[in-house]
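Okay, got some structures for you below.
Look for subunit A in each of the two complexes below; its partner is subunit B in the first and subunit C in the second.
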Partner chain A sequence: MSAVARANRLTPYMFLAPAAVVLVFALLYPIGYMVYASFLDWSPSQRIGQADFIGLRNYANLLTDAAFLESFWVTIKFAAVVVTLEMVIGVGLALLLDRNIRGMSLLRTIFILPMMIAPIVVGLMWRYMYHPTVGIFNRTIKNLGFETGIPWLSDSTWSFIAVVIADVWQWTPFIFILALAAMQSLPRSALEAAEIDGATEWQKVIMIKIPLMMPVLIVTLLLRLIDAFKVLEVIMVLTNGGPGLSTEIVALRIFRTAQEFQELGEAAAMSNLLLLMLMALTIGMFMYTKIQEARTARMLKAAQQEDE
Partner chain B sequence: MPKIQLENLVKRYGDFEVLHGINLEMEENEFTVFVGPSGCGKSTTLRMIAGLESVSGGEIYIDGKPVSNLEPKARDLAMVFQDYALYPHMNVAQNMSFALRLQKAPKSEIDSKVKDVAKMLGLTEFLHRKPGELSGGQRQRVAMGRALTRDSGTFLFDEPLSNLDAKLRGQMRAELALMRQQVQKNMIYVTHDQIEAMTLADRIVVMHGGYIQQQGTPEELYKRPVNKFVAGFLGSPPMNFLDAELTDEGGKLFVVGSGFKIALPEERAHTLPANAKGPVTMGIRPADLTFAPKAADDQSFDLQVVVSEYIGAQSVLICDCAGQKVEVELKSDTPIALGEKLRFEANTDAIHLFDRETEAAL
Partner chain C sequence: MAASTTEKQNPAFYALLVALVVMSVGPIALMLATSFKMNVDIYDESVSAFFFTPTIRNYETVLCNVLWYEPAHVDYCDPTFGRALGNSLFIAIVSTGLTLVIGCMAAYALVRFKFMGRGAVSMTTLMMRMVPPAVLLVPVFGIWTFQYGLDQSHLGIILVYTAMNLPFVIWILQSFIVQVPIQLEEAARMDGANPVQIFFMVVLPIIKPGLAAAAIFTFRIAWNEFLLANALLGRSTRTVPVTIVNSITEYDIDWGVIMATGMLLAVPPIIFTFAASRQIITGMTAGAVKG
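For the complex of A and B:
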């Protein structure tokens, strides 16, 4: 092989190299550090080299740590509830707004605004609105003639509902936008065929639109699920995990373990578990896409063989 | 089965009128073909009959009942789409039975109908495949099958063969003609392909610019086109048009142009309107010219052969007649030398004359 040809073959890798370097320093190094730290009994006053190596004890402790298990359960509950609500509302809105209305593009822009606000700001905003006396919700409730307002952030059930509402408010637009895009790229003629076949609007949604949107919806769902497991800022600002542990999701637990309890090793172990879980989800998502692609390829091949 | 009438049917998009008052009656069990170039309004008309496009003016009657405000499903029709419009997530059997399932027909009835239609279309072994696993021709069949399973009175076809390659198209066209004999239904078929129109139709409706130009049997339209557009649109290779002058020399009519002077048969003198003399467009089909070196001067053209297109048994000669292009279709074994000036005899009974301004047939 000539020198020129070899250089040509190496060109793509040369372009990739800077990104790879950044990735190694900014991603792999900290992750490696974290994985290593999760095997240590390490307090912030020590340098990492001074910490004792304790093997898997941090992980073993986690499995018996009621507070961690509680926050793990809260996270799963939170993710399941918000993602379900967001999917239903987001897809529902998309179904309602999938038509040519004047000013639709403006409406769409307004819809995605919540997504663009920094999470801390969202948290602060909702904290004011949930305020027991001056917040808009309780003021409205009192104006309507009810004696007592809702203990939004001071009751364990209500505070969970409160953080769910805030998250749904912020992230439903994400699903709405993706669902709307998927819907608008559906084959028009298949829907017309369904109309001729006698399907009502509702039957078209259930039997044609939703099944055809499924691939996009599944990817959207996984993206949201991954995000919901990592949620931190809004809840930190709104409730800081309280009252009790009612809204303490894993991310917050990790933050407090490191900051308040000064247990860096244990915090690293928690982070690691969360990471593994998210990776499982992500790999699931990739597998799904791969399977889809393989299926399409197989179909195409089968069809082409017969098309002689 | 039902009788379909269009009365002053108008379609407007905003201020832009695309269909200008279509009037048409389709008899029971008739195969009607709407044919015309892109944008002539043929698909729009079909979609209005189907109920997929709203009616801006006029009315559609099915068996005397106005339907233009009814939903598609209330009109009792089935439709085959250009891109087949199969439901990608359902298998062939589910695609074909969709309408019946929506009607909550008994399962045994659905199964037997799907089985019958699949057998008729040769789809039995594909019933469990999804559309993505089928070839173009098979998908086409499934689209037909979906329409047939429904057993509705009227079938609408929106350019159903245009996505197939040439060979498959010919094959499906023949199958359609066969199906046409077996299934006694109203069929309305939209195409831009005049061969499909000629071979399938009981009645052809030629459309252009949002107007019906002419309707009738394929033979009527081929032999007696009412204007230059219809004459040029039907027939392949298309009719030749030559600028000419209609003159009267002592009671005998001649069509005179640069390079030719053809005598018209005597009876044409009685049928042509008196004011027809003067500039006209003469039309003659390529097949109505024959190679005849000894033909009379006033029965023939002297043409310079420029290109010969060999298409098998027939060849099409592209010739020059004093600056105007003339095509001649003849048997390929006719001894023709390129570049030479040769004499071709015209079938003077088949000469068409059109008004130069209005393009209407004289």
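For the complex of A and C:
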């Protein structure tokens, strides 16, 4: 075999090698390392070899740690509230705005702005707006004649609401854009058939549009749910988890455990738990798409057989 | 569908549209307005949020060490931000470039030499999307500090961002490369081009839109990221998000200056959004909506 042919055969490996090297060294190895570190009693000044192996004690500590359980609960609550609100508003808006209007692309461009801007800056903007004296919300409330403003970031209920509002502002457009894209790829024939049968707008939405969009909506929901567990910067800038632990989601707690309390082993254990939870969600999402694909394939086949 | 005819809508519909636009742009506009406000005006209740005498003082304070003149009102020039801006630009640009080159090569090999199916790659992408940066915090800090010796350096954080973005970039580029007609490449091969030449001279020019989408996503992540930058970078190598967070944890927040800083951090993503919203939406919807 000539040297040229051999070089050609090696080409694919040459092309793949850099990506493989980077991914192994900077992604797979760290994640594996984290799994190992979660069994160690480890502070940042120590090399990992010097840290003591303590088995499952980090996990045991976590499960009895009231603060961690609280932040776990806050995370679930935050993700559930935020995703529900965003789905309802986003899909609702997509249904309303699914029309032939001029400037739709400009509108979509404007809607994606909040997602493109750094989460740190989003947090900053909202923190300014929630500010007790200079913030626009409390100024407006006072101008309307009320004596006291709302304690946006200093009351535990209100700060949770404040964090939710900021997240809804930032991420509803994501759902809106996906839902709109799904809606515009719906088969016209089904809708036309419904129109001929005299279906009202509502009936069309409930009986045709929503069911047909379901696969996309569920994937969107799962994507958003995964992202909701990862939110950190906005909340950190807004409340830093406070007051008390009312807005301290797990990602933020990991950050603080590592940074402020210097408990790397415990932070790794938390990271592992968070990762397991997200993995369950992702696998669920993957399974769902696979099942959907199989179902569509079956239905297509059945339809073809009928034709024959 | 005839897209040329636009239907007439009732006024309530337009009211809704206006309300939505105001809601989504409002906070950004407020930040922009505040960044041109004197602190006296910010604290004065009688001054309206949007109508006031604008000043560029805040920007001068922030950028004092990169300006060609010395602003009169700055007594002490704090070089933190100017330096951070340079760091941010360097890190974001280098890691974007690196990710694109490496990702492009890998995507090409995966498509043309049929290594793994698209299924395997989209699985990895999805898995990667799942990993929160917070989870990478501990291991990356430990390994970069004690094993690689890359803490406090630009190279270390560039490596992290490249790895974080690679799966997505490979995935999105794959879908563009699949559409490149194989005949073109065969014709080039007939003319005696080797695989490397074919890749750079035939394939790359065709997949430019895909490259644009991938570049925007990578740049945005590297530019906006806080958590890992905060853990890995030292005083002189810090990026803008880290400096912003450092200055708000202080007791007294200088709103005018910090809004100017935030605005400067927000400008590149805003420009990208207006320049390439179509590509961004493609990247965003890819995976969820087939098409």
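What we mean here is this: the second predicted complex is superposed on the first by the 284 of 308 C-alpha atoms of A that agree within 3 Å, B and C clash if a C-alpha of one lies under 4 Å from a C-alpha of the other, contacts with A are read in each partner's own complex, and residues count from 1 in each chain.
Operating definition for what follows: a contact is a pair of C-beta atoms (placed from the backbone, for glycine too) under 8 Å apart; a residue touches a chain by one contact, two chains touch by 3 or more.
Note that the coordinates shown come from a computational prediction; the quantities given were computed from them, not determined experimentally.
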On subunit A, do subunit B and subunit C fit together or clash when superposed? fit
For subunit A, which side has the bigger count of touched residues, subunit B or subunit C? C
Partner chain in contact with A:Leu281 - subunit B first, subunit C second, else both or neither: second
Examine A:Gln259 and indicate which partner it touches, taking first as subunit B and second as subunit C; both and neither are also allowed. second
After lining up the shared chain so the two structures overlap, which partner does A:Thr296 touch, if you call subunit B first and subunit C second: first, second, both or neither? first
Partner chain in contact with A:Ile196 - subunit B first, subunit C second, else both or neither: first
With both complexes superposed on chain A, which partner does A:Arg102 reach: first (subunit B), second (subunit C), both or neither? second
Touched partner set for A:Ile110, first subunit B, second subunit C, both or neither: second
Using the touch definition from the top, say if A:Gly241 reaches subunit B (first), subunit C (second), both or neither. neither
Which partner does A:Tyr33 contact after superposing on A: first (subunit B), second (subunit C), both, neither? second
Put simply, what angle do subunit B and subunit C open at subunit A, by C-alpha centres, to the nearest 10°? 90
Please work out how little space separates the C-alpha atoms of subunit B and subunit C at their nearest point after superposition, in whole Å. 7
Same subunit A residues contacting subunit B and subunit C, which ones? none
Of all residues in subunit C, which touch subunit A in the complex? 1, 3, 5-7, 9, 13, 16-17, 20-21, 23-25, 27-28, 30-31, 34, 42-43, 45, 49, 101-103, 105-106, 108-110, 112-113, 115, 123, 126-143, 146, 159-160, 162-164, 166-167, 170, 194-196, 199, 220, 223-224, 226-227, 230-231, 241, 244-245, 248-249, 255, 258-259, 262, 265-266, 269-270, 272-274, 277-278, 280-281, 284-285, 287-289, 291
Can you list the subunit A residues touching subunit C in their complex? 7-8, 11-13, 15-16, 18-20, 22-23, 25-27, 29-31, 33-34, 37, 42, 44, 47-48, 93, 96-97, 99-102, 105, 107-122, 124-129, 133-134, 136, 139, 142, 169, 173-174, 177-178, 181-182, 185, 188, 216, 219-220, 223, 226, 229-230, 232-233, 236-237, 240, 250-252, 254-255, 258-259, 264, 267-268, 271, 274-275, 278-279, 281-282, 285-286
For the complex, which residues does subunit A have touching subunit B? 187, 189-190, 192-199, 203, 207-208, 211-212, 214, 296, 299-300, 302-304, 306-307
Contact set on subunit B toward subunit A in their complex: 50-52, 71-73, 77-79, 81-89, 98-99, 102-103, 130, 132-138, 146, 150
